[in-house]
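Just below sit the structures, each encoded as structure tokens.
Next come two complexes, and both contain subunit A; in the first it sits with subunit B, in the second with subunit C.
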Partner chain A sequence: MSAILTSPPAARPHESPGLWMLAWRRLRHDRVGMLSLAIVVFFLGLMAASYFGLVASDWSKEKGVSYANPSFLAGQENLEARNMAERRAAVKAPPVDLSDVDPLAPRYKEWAERAAKIAVTEVKRSETLPFGGDKWGRDVLKKAIKGSEVSIFVGLASALLATFIGTVLGAFAGYWGGKVNDLLEWFYNIFTSIPYILLILAFAAVATATGKFGKGIVPIVLILSLTGWTGIYRLIRAEYIKHCNREYVKAAQAIGASNASRMFHHILPNVSHVALVQLSQYTVGFIKAEVILSFLGFGVPVDMVSWGTMLAEAQNELVIGKWWQLAAAGASMAVLVTAFSLLTDSLRDALDPKLK
Partner chain B sequence: MTAYVIRRIWQMIPTILGVILLIFILFNWVGGDPAQVLAGKISNPDQIANIRKQLGVDQPYWYQLWVFVKQVFTFDFGRSWSTNELVSHIILTRVGPTLTVMLPCLAITSTLAVLFAVMVAYVRGTVTDRGIMIVCTVAMSVSFLVYIIVFQWLFGFVLGWFPVQGWSESFWKNLTYYAPLPIMLAVFVGLAPELRLYRSFFLDEINQDYVRTARAKGVPEKKVMLKHVMRNALIPILTNLAILLPGIFVGSFLLEVFFSIPGLGREVVTAVNRSDFPVIKAVTVYLAIITMIINLLVDVLYKLVDPRVSFK
Partner chain C sequence: MSANLLEIQDLDIRFRIDRKSEPFRAVKGISFDVPAHSTVALVGESGSGKSVSAMSILGLLPDNAVVGAQSHILYGGRDLLHAPLAEMQAIRGKDISVIFQEPMTSLNPVYTVGEQIAEVLRMHLAMSPRQAQARAVELLAEVGIPNPQLRVNSFPHEMSGGQQQRVMIAMAIACEPKLLIADEPTTALDVTIQKQILDLIAKLQEKHHMSVLFITHDLGVVGEIADRVVVMQDGEIREQGSAKEIFESPRHPYTKALLACRPRLDRRPRRLPVIDDFLKGDGRAHLEERKRGTSPADPIILEVRNLDKTFFLKEGLFGKRAVPAVRDVSFKLPRGKTLGLVGESGSGKTTVGLTVMRLHEATAGQVLFEGRDLLTLSEREMMAYRRRIQIIFQNPYASLNPRFTVGQILVEPMRIHGIGKDERERIEMAFQLLRRVGLADASFYKYPHEFSGGQRQRIAIARCLTMKPDVLICDESVSALDVSVQAQVLNLLQDLQDEFGLSYIFISHDLAVVKYISDEVMVMNDGAIIEMADSDEIYRNPRQDYTRKLLASIPKGLQRAKELE
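Entry: the complex of A and B
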């Protein structure tokens, strides 16, 4: 017996797989999970490509006529574009001759010469765009890609921040207990006793009135994460309470690991799967919330395009029969959110098979 | 029992004070001085000083906090900063329309969700079950905004079955003429997540020992589902309803905005747009208090429904 114990183990051909490896193996056998993962990765790639200007960098160029038809509806009549063209033609028509009464008449010739020197290139606006155009003739497809960049980034960033806040606070409350726990529970009770949507709107009111939350997409990320940390806080706290008296933590204490090391180096990896599933769930929720807040005008600024601002524009377009902007924003969001929700379920199953 | 209720009310006090403090920090300290916003871009220093004095934001923080606490407990939040209407009047007149839409909506959604959940749980594991679950997941992924825009356009504009938007003075006309489309929308959107959740509650109960016992002694499956499983699954379902209940006071603010329903939700959105702090502060604080009271009532109800729950 002792011989077995003392002899150094031979080179191990098979390292026993860890939690993440096992989870990945389980996930690989989950066809729905892998498909959703592929879709989510595709959208994330699109977001990155759009951010670095590889795709849709010219989304704001007005390439088509107003409300250009999608290519597959090329023949359909476009009243709005015709009205616009007529208005443009009317502007170009020679103005009424006022030279007999206008005191500036002698300078007409000089102006005409100067105007002739400025080269005006008339851009030919195309009648159709791949998935139609918006009011200003911008390509809806490119707009949706650019919009997904903003919407997904806001969703991810606020989910990461909320998960971070919730995990740190939950770790402290669960690990220390006592007074720390009481204080953090008090915070938790305060935040959860206010209906969630009112809490968001209250933060949004202060953010829009004072501008103290920063510029661009910073306010909405802060609003969503500062109001949304409570769910994960509760879960992580429960996990820490469960873990902090386990043997491996006692062992870590015995070899002199500090409190901080025990909290974040020993326990955290063992509860991180809970945080990951929550992160995924939060991203879905926050993407949906961003769309609604941007629609109401409390989200991303008006000069940025997100799925929410696209839907806000699309609201009035449907009545005049221009459905493509609504379809583009609504469908791309629905596909991503469906994939993300299914991925969340698969992740939960893969990481915690006992739950199934 | 009485001791339990008294202790719970006693425990509510620090939370209520915390909510007051949070709102105060948010609006009076971070929000700071909205005089500039209210006076507009063209304004002289005198005007701003005057507004500051009127709003009381030139006072030290401890005094402002005292004023705020007094406002909460005397139900007197003064007047709206933008319309000069009494805040208490705003809240009292806007609650009616919100509840006209949200109460029927909550009742219909929960009834339908429980019924469908029992049916889906009954055929659990079959293609029908999986199909319905996939439909629910997809339905939940479409933004509420898209549903509203499409339904309003389809049923209000194209088919003309319902008015596109509007509200009247008469309760019956509102309930039978203006409210049906918003209610239908809210039910349609609320059904999928509730159905999924309640199905999981039923499935949790189906694997319990008492169900096996009931089956073993020959109780027909339908009776097992409707009598044994249903009664026990109703406990988490009631908890979920209790969580949803405080939300009906703000209503679905999106529906109110789209359908021009003069409810509390739309009022809050307008107030956020106008930086009308007193309205938001009042609504937030009172709804937090209502939420706490509802939670207490639900916990007491538990004891009546489920004798296993003990007051500790």
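Entry: the complex of A and C
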């Protein structure tokens, strides 16, 4: 044997493309798919850039006047800004001369001089911002970019976690059947018997009241994934039940492959495309769910911004005709979600061309 | 014979695969006629273009098919390829009807068979519901469904495969069509049922003065019923002529090969001839006979004693119903010999194989492998024996993991059982085995879907060989393959037995194949072994009625070609 070993298969000459390579080739010919992939990648890039502070790091700076007009609507009258400016002006107007009765009057001049040395240079607030400003004069465009960070992260992270939970539980239930399946089915049924929104709100109430799940966006990710695993669980379970009776699994048992190996090494790659498509669908769903939660006030804390909090703020602004915050958050979300959904469709076609 | 009912002229069909590559040419300009009141058999192996040709008659081709402009299919003075859709719909089912291979998937499971037959009648013949129902009962009686008054209200799943195929035939002949296209109508059925269906089609053809276009891969089947035979290969017609000419004096080597490569009951060459023998040589190299049979002195490697396997079906909330699948099966497998296991579907032959390997837990009995009872071993102890008994499944499309490369498939069992001292050696052994089963080295890096059925079965065989087993259970391992490929795989199995002294348990419903490869044959029916003898003996002097019935249903077509060579 060793003599033959001198000429081992040195390099892999031309390994055939696997499932993922073929899927990628098919996806590349799908124009809609590639366009939506580009949009999704663009949003992800934006999110990463904002996370590392490359863009929109100064989103919380109050740069413009209150409800600054978008620059393409520069001429429009801004009543709120004028009111505020008038009020500020009113504060700054010289007070009525009370020096006769004021015992501190002689010191005012000295204080004024000292204050001048410290030199509070009041920033000149701009009248317009690229896409308008919010109540405090923050740049709406930057808010939307910063908001994408929270929204997309929450969407992706909770989708990943939910898919993981659903896949593992589904694999166990489908593979083992019998008692394990019964137990998990009971668990699943209890979960799904509670109205979904109520379940989320109940979790959210507990999470925010006790603070046990940590702060910031971690509780939201947990809430969404702990309530959202049920759909993929059922799908993966059904796939496992189907695949368990396939001959290749029987063949794996015949060569002595262990249960764990059969479950995850043999069957999982055959159902992973189902999980991937679900993951993509979940991401869309959870981005929307985060928006709803933040809108209802169960979402991210006030010192952070997400598309949901922007939409919540926009509620009051719309009454006074300031539509740009709603437009910015709504449009970003709509574009991303649409692109993601189209990408999901294209992925499904690419991974399972027979389905088309 | 009168004028031609259907004339196919220069039929050329291409399939567009994608935008870049050249369309795949499935049918390369074929011409043949279907005379009135006769049966024409279109014979060819998978990929020969026979089904595509037949479907083009009814305009049932997929969207990506392109039919050449010079092609014509003339039926009653009209060109079916250029007929408007409304006209085609009037012809489909009424003048020309089809029977498909899988009756279970061709019948709609949510309607009763009566409703489905009645639908055809009402659509094409404008019968009233009452008339249609009455005619449906008549039709069911005509195709030999017992108690048709009652069965007309059955759902498809309440019927056996053979009965479903009869219902399909009843639907097809409901409007008294002039042409019946039968696309592999018996391939999914047991031999005894196949015989009945063939007889039925022949009888109906006679009675209704129809023509039948019978598509099959098995020349043996058409011998009994066809008037004319058209042999196709790679989208071209190799030979056509009367059945007598084709069977008694075939001219094209491909036809000769098809006739010769199927194992026959009366002969047992050392190796089966394969198509290459005929295309390159004269096909006479394998006339030497092989001796078969067992003797009491043979050392026994595997002994099964009183094996029982009962499945329990859930009934209601708490009820269970026992379904005995294997009853009191005992046999001995001598080392280096082949034990054939024959029976119809549902006879329990596959269950025996799976239970012996402990892929099913037995209800009772013993499986002695070199004297050790495998059924009492713990899972850990069993690991050492797993390697030594291996199984090759029926469907090579299902038994290989589609996400693994052939390399992964071959190396994994060696890794599990610690064969070979390191990964390099295992890979080298995998390459050797690939070569041994006749596959190219490049196969190592490919995925199963890139191979044909026969090649996949070779991969499955190579996977078993990685573990150097002593006993190989072949569960219908060649049943899904084309006859010529079947011959190659049988030859390979035979060579491996000669080389490594393997013992086979060969499970099949095909008596000719079992006869060819086995030293000893067991016949199973209803979970029990009813007859067991040396293979020559059982074919010469069957003692049980059931065995005689099985033997009688083997298609006689090939025996007409007896004097060949």
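Simple rule for what comes next: the second predicted complex is superposed on the first by the 311 of 356 C-alpha atoms of A that agree within 3 Å, B and C clash if a C-alpha of one lies under 4 Å from a C-alpha of the other, contacts with A are read in each partner's own complex, and residues count from 1 in each chain.
Just so it is clear, a contact is a pair of C-beta atoms (placed from the backbone, for glycine too) under 8 Å apart; a residue touches a chain by one contact, two chains touch by 3 or more.
Since this is a predicted model, take the numbers as computed values, not measurements.
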Subunit B versus subunit C as contact partner of A:Leu342, first or second or both or neither: first
Partner chain(s) touched by A:Tyr248 [first = subunit B, second = subunit C, both, neither]: second
Touching partner for A:Gly18 - first (subunit B), second (subunit C), both, neither: second
First (subunit B), second (subunit C), both or neither touched by A:Ala257: second
Contacts of A:His266 with subunit B and subunit C, given as first, second, both or neither: second
Partner chain in contact with A:Thr210 - subunit B first, subunit C second, else both or neither: first
In the superposition, subunit B vs subunit C on subunit A residues touched: B
Subunit B residues touching subunit A - in the complex, by the definition given at the top: 14-15, 18-19, 21-23, 26-27, 30-32, 34, 37, 137-138, 140-146, 149-150, 153, 157, 246-247, 249-250, 253-254, 257, 268-269, 271-273, 275, 277, 280-281, 283-284, 287-288, 291-292
For the subunit A and subunit C complex, residues of the former touching the latter: 1, 4-5, 8-9, 12-16, 18-19, 29, 246-248, 250-257, 261, 266, 269-270
Subunit A residues within the subunit B interface of the complex: 186-187, 189-191, 193-195, 197-199, 201-206, 208-210, 212, 288, 291-292, 295-298, 307-308, 311, 314-315, 318-319, 326, 330, 333-335, 337-338, 341-342
List of subunit C residues in touch with subunit A within their complex: 18-19, 354, 357, 359, 383, 386-387, 390-391, 393-395, 398-405, 412-413, 416-417, 424-425, 427-428, 431-432, 441-442, 444-447, 450, 460, 463, 467
